[in-house]
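Here it is, the structure, as structure tokens.
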């Protein structure tokens, strides 16, 4: 009996970027799927392991150009890891062919085509799909995800910021009149695999800089997500941190009234005490503890009229590929931790 | 003619830590001083360059145990780079001997002995000196520094935080009812040269963590300094950043009313336009641009009821040894930039 | 049915160092074992995840002091991850109790008690066991390992050096009259988890240094292993590399006569073409491709009378915990790749 | 009196690369020169400090396109920091205009136009100049440099390799029949400022790789230099090391007969005991001790028929800009250490 016969066939579109690579790493540990199709326009025809030597000996797949029909013929579940604007049309084809899709780009994260145009600078070509897409912050939207055919995987910054904030919003303790301040430091893999001046090793090693202060595209994504519970003004400061992986997010959350450390901890506990991928820590999380793992570690500190929330995720795992697989598990009605239960890499 | 005859004799007490080492690096470029005395209890009798090999070929000094009388006999200006609590008594002796002193520990930063005891855990043994000590944030207290015999060099975090904030406080635009939020990321040299679990390479490389959230000893130092202009509630979050040098500080400054980007920039410009060591940058500073230099780079972003202030300093230079020398220059009535005008190291 | 009933019970002695931590990470993915016992003298009584927060949510084990009898009562296979000299006596007890042991210290790597004393500075207390111990370089000693009750897991440097050299020695092409030169760069985790001046972050970040040139304890280990095929003079230069993980080894192998690139590649291919954990690469390996994985990547370059051999391993995986588990698989007659087939972490 | 009137006017051609930037950093500390002209084709018309923000506040120069005639009119000494092939024609013009030139490209390092063509792939357009150019390894060719109008500044790898080897060659102790093996690890700034896949932060951080094994263009440069004393076969392995600055070179030098540690040290001492920029260290050098400084630190270890030589330089200083200024000092008959005596940056 060929065990792979029973497994679900999965495709990774855009396999040679960091998100695609991470999907392939994690999927190789998943007991219920087999990757049948990997695409790359640039390297079509070449072995996957030539572009991703760490997969040598683990995968014999060949890269191919992305043809939605060909993919639909050979895979039942598709992870889209293309740049924004490139996903919207092929996703339409894949859904029409009856496939389930998790899109890791920004193309289906907004509910409004007008907002998409404003933020990403060009009109959405599949506005009808925006309503069908479910925002894939798994711990928050689990139920809708379980019924979805198209999940818009959240951005890395929104994941690190929203998970700590949500319980307080829903508990009704956040002051809507004052700014929620999000100070979020990202490893360089978050900038993608294409070399740029800002990510050239000597420019950023031993350095640190903020970028797109007040204008980052993940800010309206966070704002949209929060506004579904309670609208708040938002300040968002992203940084490039000289590490490969990780997003370390500090959120200064304005409270209606001061709350005790105990009360703040209880709110997190009530919300996440049973979540397999959220770990509540006493003190501050550390990026070192989530490297390569699907965890979101959260600490909270009482500070007068504020709760200081600190979260650590691996931007490529919980902030991208790991959460995408977690969403697949939910969409397929599999145990949510399937293929994701290995601890991270320390040190 | 022996050129060194004309130079002022200087001692560095606690020469083998990172601050002492940086003092020696910078003093070696200073045209008006000659270092005559370097101390270390642990390595007394050994060549300085044995503990600091980067100084090999640059200095033939021998380390000696710290004896205030012996130092007073051979130096006219003393930099104290000992740990807190160790400076207070010898400083008394040195001042009594008519010497000028810049103390880089925390021992003379507080005006109140009671506050010192509360923060550092033991009684101050020289409370009378607290009134004579001038807080050495050069750009702010230049006049008092010029007349001082004892300057308490500011902490690295306070330097990075206070310089951007001060102009707005004095301009009267800061809302005293809301928290000033300081989010400050420090390179590991800020933790000193003694090995610890937290600074063991594999524990922090590729990592990031916050520490002492709400309890860091630099928070009351910042609060004291701000309160001299206007008292504000304060939230201070320090982090360990996996770089050798640098403090990257983001301050979320609550304004009485929203101010334009232009107005915010003008306030900085009016305060610091002529300062040789403060550079106002459009956009975000980068730690890479201040490494090894005495600059404080500052950027500001308008964000509704907040000014988002970002500053970058080298914690060992503007945050310690560089500012100490700048203070010496002011105390000696020398040009303030003497020995400090070399650019940093890039990349 | 409780699945864990069928699994072999395993203990990790010395669980809170980097090697212990890595054993626990890898064992958590192994389908045939369950870890029942983890020890630490320093943290006995505390949860494992307190000392290794990356394991939080993955393990509920409590640390206990190491008592060989207690361990023997609760585990059937024991990984010893103690410092050298600490393993020899307890291993005796564990073997007497009928257990199988992989020892990751140096205590059983030498065949001769005299050599052990010379290199490690004190007499071996269990010299009789030296004959029973099998040197666990899996690809080379697979057959003996399969019958062993005690396997001495090779040092990290020896693993990275020996695997590329062996095929050429056995092919008879190495000139025994000239030095084999091994230039081996190690990540800092190789120095263990105890903080030292040499591994304090600012001392080594952005730095590089050689250490123990000509005197490193792994040199006689390499020499002993080589001499079983052919005795050669040896030069061994180890370095501290500012990365967390990895050993990057270049070996300059003197040949009896110049060999073509093709011939050199064929020798590797013949020896390792079917090995699951050795990947032969065209060009140079890269540490980035083996991080977290049990692979040894090898490249070879013809250069006149020399073969230039370059290998990359993760010192904590193939250089320690991974190879230990590979050895366990062989000792238990399980598929050799069991629990080790996940790719590494890139980037 | 305008002090700058007395200073020599200097131009830096190709000012925005890492070598150009380092020239400007070091020249700013030089008491006898003033930089009057900086060029960049890409950024002509823009302030230098816009491309090199670390120079903000230190330089008001504007970048201009490179016009040899215009440069000759405004500068008396020219540092050429262009890519190879771009220097040869303009250097001709500058020499014809009576200027002195240090060229930091490879264009004038070879004595033979044929060799240049073979290594750099296109014919040399100014072969006549090759005879006039002096190879600028200052400690070795000081006398010729002092009379030169055109100095070809050595490559970074050759500098780090040749300085330790030369004394042994001239002492006649090197066995010419066996290979000199050079294993040289370079920081990423050595690859220049243009972003590439290999220097993209996540590809190389926490990684290490060899490249151009046996084919690097610096190998024939080293061979030519050595052959002037004694011809030896050569093996050269270069690596990318995840640090910004530094070349760490280990040379395995075959000796005619074994020499004692004492004898090996004496040879270095005799050759370099009085050199201001060469520091002989007991044990291994460390990159940390030369960062930003013009030193070459050298250690030697006796190992049977070999001397193991280890050197550490900053590739941008002693390996490029620092040595270029040292050469200028020699060409101008100034004290050789002028402007170069500041220690490096530690940590």
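Letters are used for the chains, namely A, B, C and D, taken in the order the chains are written, and counting of residues starts over at 1 for each.
Here, contacts are C-beta pairs under 8 Å (C-beta built on N, C-alpha and C of every residue); 3 or more make two chains touch, one makes a residue touch a chain.
Bear in mind that the values here come from a model prediction, so they are computed numbers and not experimental data.
Following the contact convention of this document, A, D is the list of chains adjacent to both subunit B and subunit C. Note: the chain lying farthest from subunit A is D, by mean C-alpha position.
Subunit B and subunit D, compared by their mean Cα positions, are separated by 36 Å. Subunit C and subunit D have centres, each the mean of its CA atoms, that are 40 Å apart.
Centroids of subunit A and subunit D (each the mean of its C-alpha atoms) stand 46 Å apart. Counting partner chains per residue, subunit D shows two or more touched chains at residues 18, 189, 202, 204-206, 242-245, 286, 288, 291, 347. Listing the residues of subunit C that touch subunit B in their complex gives 18, 187-189, 193-197, 199-206, 242-244.
Taken together, the subunit C residues at the contact with subunit A in this complex read 18, 21, 24-25, 28-29, 52-58, 189, 206, 244-245, 276-277, 279, 281, 286, 288-293, 295, 297, 341-347.
By the touch rule above, subunit C contacts subunit D in their complex via residues 178-179, 181, 183, 185, 202-211, 213-214, 233, 235, 237, 239, 241-246, 248, 250, 252, 283-288, 291, 299, 301, 303-306, 308, 310, 312, 347.
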